[in-house]
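Here chain A shows up in two complexes: once beside chain B, once beside chain C.
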Partner chain A sequence: MSVKDVIVVGGGIGGTMTANNLVNKLYPEIRAGKVRVSLISNDPWHWYKPAFMYVAFGKTYKDELRRPLHTLLAPEVNLLLDHVQGFDFKASRLRLKSGKDHQYDYLVVSTGCVPSPERIPGLKEAGDHFYQHDPAMQLFEKLRVIEKGRVFIGVTFPKTPNVPHQCGIAPMETTLMLDEYLRQRGVRDQVEIVYTYPTVAQLMRNCLFLQRPVGEVLPSVFEARGIKHQTGFTLKEVDPGRKVAISEEGQEVEFDVLMQTPPIRAVDAVLDSGVSQAPNNEGWLPTNRQTLQLEGYDNVFVMGDTVDLPVSKAGGTCHNQSPVIVNNIAGLLRLGRLVAEFDGKVQAIAQMGFSTGMPLWYDYGEDVMPLPATKIGSMMRNGFNRGVYWGVARGMV
Partner chain B sequence: MTDKTSITELVRDHPMLNNPGALKGLDALLERIAPLLAAQRFDNIVDLLSAVSDVINMADNAMVEKLAHDYEGLIAAVFSLTGAMRHASDQAARSETLPSLWQIIKRLNSDEDMRRGLLVAVNMLALLGRNVQRERELMQAGD
Partner chain C sequence: MPEPSLEQLYEVISTLVSTVGRDRRLNDPRAESVTVRSPICGSQLTLEAVIVNDRVEQLGWKVRSCALGQATTAIVIQHQEQLDAARVARVGSQLRALLKGEITHCDWPELDAFAAAREISSRHESALLPFTALGALFERAQSRYEACGQTTDGRKYPEESAP
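Entry: the complex of A and B
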């Protein structure tokens, strides 16, 4: 009797919950020794990445945002701490840094994305972001001492058409958090906050957000707080010496802190797989928007940040993609056919400043409908950050 | 702010209510609510809403964080224990021949993971025992 190998690559939120969900779904086969579920990660820690933005305001600590990966996995998950160096999709084989090759029957690619400020000249030297822990700490060191000047906020979208940047709502969330943080510090009157958005934002042009309904309410939200806003600023380069941000549209703006959502790309092994058709060497894998299969490879599924789909690169997306992938793998194993489709649903609770939050959801057919931000919304978000997330990672919620 | 001076005026002129569907729905709702109002069945519901509102007003981030921390502790324990139980039960069920007691003890001695697991259980027992001892000392000391 041959054992079917199901391998999940990536120990982030998508990979962790999917490995656990696979064990629960395929438990009869696992118990009978017919299926083995493995997870490959190059990091023994699982990080709660969306909360790095709180680090930038001194609101949370490193150890609150990570757990040993093995403690989040069911005992039936075969955890391999190794680095995938190569995907050979044609041969259904993975090449690992340790020198071992792994054959698979089914593969789930959940390798996330990599913030790459070095792709914009001068950004790495003079800019800041909150999408990784150490850069978020660096940003905090600047925000906690700034007394006057300008914090200039910008967003870089991938060059791949209709693909969003990491966590679409994060620039807006952090802008509102910044406003509140500087008010708490008593320096808000001396620090100008300027929120900008690029000319092209997925399917939108000259707007403040990547979806129209939210984009339309943002001006009033910002104006009520004295936050300046501007459309049509696509960062081209940064002059670190002069501390000037230069846009593709030809504008130059001086800043004291540049809080820029950086360019992103797929991880090296995905980039090197040669399967991506994305421009600008971004590496997004061509993914079927319903079945989540890698185009041309029926036994490979892609989720989270690695897809080339017009859905948020966020944990709330993985939460809805994971059951689809798990059901489809079970369907292929048991029935020889696919059984589930992804409808593009994403849900989250936006942090609208530190004291209010706004639950939101959308899918392929409907944009986010902005609702009033409430204290209960903020409490829900805080409860999620501090506890519920770890149930989600375990596939319990 | 509205310039209306009575509820009747407000409801009559409200644009969202001025359509047949909304009026029909409102009529059906009032029909169901009317006997409950007459019997004062909403009193407790209003009190409950008020209490919930008070709790939300009194709650702060620190309280939410403590509750969330407790939640994580609970689900981590449930996840760990139920997972271990399921896995261990299957392993035991798969054994064709049961090991003798002596073989189990031998395994206990040779398997480092098993001894560490045993140490966890022993340490837990020690903590429970220490608490019981302190309680006993308090009781013996009296008031």
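Entry: the complex of A and C
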């Protein structure tokens, strides 16, 4: 009897919950020695990435946001701490940094994305972001001392049509958190906040948010807090010497802090696989919208930030993709066919400042419908931050 | 009549894009497939068609384009029962002229709203993708028939050339 090898690559939220969900789903086969579930990660730590934005405001610190990856995994998951250097999808084989090769029967690619500020001239030198821990700390070091001037906020989209930037709601959340943080510091009156959005983004209308219903309520939300806003600012380059952001539309704006959602790309091994058709060497894998299979490879599934789908690159997306992938792998193993489809569903609780939250959800067919931000919403978000998240990673929620 | 606005175009697009949200691939062995790209914006469309007697009999699609390309592909799909080479060429030329501001109406009135996208020249090729793809598919069908010593109009499909 040959053991079927199911390998998950990536120890972020998508890979971790999926490895655990696979164990839950395939427990009879695993117990009978018919299936083995492995997770390959190059990091012994699992990071709660969505909380990096709180680091930028001094609300959380490094050790609060991580757990040893092995402590989050079901004991049946075979954890391999190694680095995938090459995907050979045709041969169903992985090449690892340790020199080992691994054959698989089914593969889940959940390798995330890489913030790449270096793709905009001057941005790495003079800009800041909160999508990784160390840059978020660097941003905090600036925000905690700024006394006057301008915080200029911008968003960079991938060039691939309909592929959004990382965590779609984060720029709006952090703008509102910044306003509250500066008020707490007593310097808000001296610091101008300017929120901008690129001209075309993935659509062809000027807006403050990708989805129109939210975009339509944002001006009033910002104006109530004295936050300036502008459409039609697509960052082209930054002049670090002059501290000036230069747009594709020809505008130049001085800043004291530039908080820019940076360009993103797939990880090197995915880029080098040669499978992606995404422009600008972004590397998103062509993914079937419903089955989440890598196009052309029926035994490979893709999730999270690595897909080329028009859904948010966020943990709330993984939460809905993971059961689809797990059920489809179980369906293929047990019935020889796919049994589940992804409907594009994403859910989250947006942090609308530190003390209110807004539940949101959408799918392929429905845009986000903005709801009133409430204290109960913030309590739900705090509960998620403080404990529920780890239950999600363990596949329990 | 006033020029259509971007808001009106957005309304048109919103009602159309769900048509192509789900890929539809053809299993028919007679189907031809072509993938076209807009080099400026990166939009991509794979269109499949079974073409018999110079008419589209079946259409399949995988749309990975911006909203404009999704919407025009959805419109083409709505008209698939009337598609022949001449009509595709004519309406495609009309859309190109509309986007350039040379005309204000197309044979398919749903396309008139795209006049609002005149200023967004980087997306024009995306809007034209389904017409580019269908043109290539008709050319390919023509070539296959000619290779068999036949023409596409009024002749039986050559069985030996099925892929």
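A few notes on this one:
Basically, the second predicted complex is superposed on the first by the 396 of 397 C-alpha atoms of A that agree within 3 Å, B and C clash if a C-alpha of one lies under 4 Å from a C-alpha of the other, contacts with A are read in each partner's own complex, and residues count from 1 in each chain.
As a convention for this text, a contact is a pair of C-beta atoms (placed from the backbone, for glycine too) under 8 Å apart; a residue touches a chain by one contact, two chains touch by 3 or more.
Note that the structure is predicted; figures quoted are calculated from it, not measured.
Partners chain B and chain C, once the complexes are superposed on chain A, both fit on it without clashing.
Residue contacts after overlaying the shared chain place A:P279 against chain C, while chain B stays out of touching range.
In the superposition on chain A, A:T18 makes contact with neither chain B nor chain C.
With both structures placed on the common chain, the touch criterion links A:G365 to chain C but leaves chain B unconnected.
In the superposed model, A:N320 lies in contact with neither chain B nor chain C. By the touch criterion defined above, A:K159 reaches chain C but does not reach chain B. With both structures placed on the common chain, the touch criterion links A:W390 to chain B but leaves chain C unconnected. Taking the two complexes aligned on chain A, the least Cα distance separating chain B from chain C is 25 Å. Per the touch definition, chain A reaches chain B in the complex via residues 31, 71, 74-76, 354, 375-376, 378-379, 382-388, 390-391, 394, 396. Of all residues in chain C, those touching chain A in their complex are 6-7, 9-10, 18, 21-23, 41-44, 64-69, 117, 120, 122-123, 126. Residues 159-162, 200, 202-205, 212, 277-280, 286, 288-290, 308, 364-365 of chain A are the ones that touch chain C when the two sit in their complex. By the touch criterion given at the top, residues 56, 59, 61, 64-65, 67-72, 75-76, 78-80, 83-84, 86-87, 90 of chain B touch chain A in their complex.
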